[in-house]
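For reference, chains read A, B, C and D in written order, and residue numbers begin at 1 within each chain.
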Amino acid sequence: MADDKRNAAGVAPPEWPDLSGRLEDFGHVLPIRVYYEDTDFSGLVYHASYIRWCERGRSDYVRLLGLQQKALFEDKSGKGSVFFVVRRMELDYLRPAMMDDVLEVITEVSEMGTASITLSQKVCRGELVLFKASVIIVLLNEQGRPQRLNEAIKRAFDPAV
Amino acid sequence: MADDKRNAAGVAPPEWPDLSGRLEDFGHVLPIRVYYEDTDFSGLVYHASYIRWCERGRSDYVRLLGLQQKALFEDKSGKGSVFFVVRRMELDYLRPAMMDDVLEVITEVSEMGTASITLSQKVCRGELVLFKASVIIVLLNEQGRPQRLNEAIKRAFDPAV
Amino acid sequence: MADDKRNAAGVAPPEWPDLSGRLEDFGHVLPIRVYYEDTDFSGLVYHASYIRWCERGRSDYVRLLGLQQKALFEDKSGKGSVFFVVRRMELDYLRPAMMDDVLEVITEVSEMGTASITLSQKVCRGELVLFKASVIIVLLNEQGRPQRLNEAIKRAFDPAV
Amino acid sequence: MADDKRNAAGVAPPEWPDLSGRLEDFGHVLPIRVYYEDTDFSGLVYHASYIRWCERGRSDYVRLLGLQQKALFEDKSGKGSVFFVVRRMELDYLRPAMMDDVLEVITEVSEMGTASITLSQKVCRGELVLFKASVIIVLLNEQGRPQRLNEAIKRAFDPAV
């Protein structure tokens, strides 16, 4: 029965509460399982898999911040939608991840610019850092022009702003 | 404190309890989030992404059944390890999945052969079935020869056997 | 000098003549190199890689048939664009492909329906067939409704029609 | 007839001469076609696809240099095989690539260290540079320890050494 799924507040709880990871004081953490698709014939994880995992971390961070809401991304002057793209990445491969590993993607804001955000990301197995990334993302409009970050975006990433 | 993480039985519970999905009476269910990497320029999910998701479902089903235990896969006659490979798939694309969707991969055993298992898999968005697969997997030894399924494997997939 | 690149007919030849494979009497052939990205930790090719390769074969077949021309896909009644999607696939994994292999994707039309095309595809290493696929594609309009194949599409796939 | 495939030197020419790209004075160039699998729902190329393409460029560069020959990688002291892994990458996304584009991956050696090689890679559409990467690869032995580059490897990458 549908009623069975409602919690004390009368609201259906999410079926998979951890699917988008969790917001933490420092930023966001997302669990990752290593599957066949992530590995290569060396027996280790393929080097581009870390890039996909970091993108999942950023997507879920933005999701939990509520930034997927269309309203936030709408240009008040009616010039159309805006979206984030990666402009630059610096990647350090420190230790290999393996098939069946449970990993965590840790995402923090390291710098908030006028038109760009620099994110610091790590892929960890327990306490061990396997991979580090510094990722610069910029906000573009539909014509591909960089846009200033509006207050709603700044506030979402840093409640103290 | 580490102690805080121990449950009533004095054991640390898994940090991400749903990461491998859940065993159900009918078989296994795994939640999937659709990320950028899963889509293509048509705006919908790329057709090979469903294949990757079904493999994740099978891997986590086998994991929760305890079949990843090396002991189970060891040949008593000492001839080395065995592993599952896909021999045949029939795939029906019914409705498109979209960016940001939360989906579920449902996996059931539909037939248990002497040397093969036929799995029935579905990718669903809520009640809606988007994709169906019938997948035949076989057990091979290190020389690539098909092997009979041993009792431990049969029992794991079907407790009634 | 640009002139150096012109052939006897005064036209610059394509720089990479085989990039899209070749049309043959039976249909189309596309060469594929196996890279790291195509393999998994078993040491063999990941099972979804064959699906990606078959899609490349279909895309280049359609390209060399001239069907990428926007004009062909335009609905005379002005109802907007149409595009092909996969409706069903039957896949047989016969022998494994390996890192560094040079393979060929062979694509043939096996049946031409009113609103669908059935393609027969093989992935071969020399004379050896490693993988076989039967793929049904349908033509959809922007609203996702199946469309009848027009004469230009039928003629492109089968000059004898 | 097999004989038909032999060239003037009595040797069968490769069927797909450009499959591994070409060695040039500056290094190596590999053509790339953008397929569905490389794009995402933004309509542009997915950001990790450039990483896969650069790996293909490096693999084919090493292949045409003859470094895939097992002999070269064998440790004279019989300690087993060695292999290259990526240690660090700096990536700049300058302009987007699109579905159906024909691109070229350009690979050059920018620095030759004692135990590492720094490669400079670009993804171009004609004269236009879309993506730049600086990639540090290191040689590891089977235990994961960095190894000095032997003379054969140095000579292969730089005939002047």
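In the analysis below, contacts are C-beta pairs under 8 Å (C-beta built on N, C-alpha and C of every residue); 3 or more make two chains touch, one makes a residue touch a chain.
Worth saying up front: this structure is predicted, and the values here are computed from it rather than measured.
Of the two interfaces, A-C and B-C, the higher number of touching C-beta pairs belongs to B-C.
Two copies of one chain, chain A and chain B, touch each other, and the residues they use overlap strongly: the shared fraction of interface numbers exceeds half. In this assembly, the C-alpha centroid of chain A lies 35 Å from the C-alpha centroid of chain C. Mean C-alpha position of chain A lies 26 Å from that of chain B.
Our note on geometry: chain B versus chain C, Cα centroid distance of 30 Å, whole angstroms.
Chain contacts: chain A has residues 36-37, 42, 48, 52, 55 touching two or more partner chains.
Taken in their complex, chain D has these residues touching chain B: 36-37, 39-44, 46, 48, 98-99.
Interface residues of chain C facing chain D in the complex, by the touch rule stated above, are 15-20, 31, 33, 35-37, 52, 55-56, 59-60, 63, 68, 100, 102. The touching residues of chain B, counted against chain C in their complex, run 42, 47-48, 51-52, 55, 83, 85-93, 96, 144.
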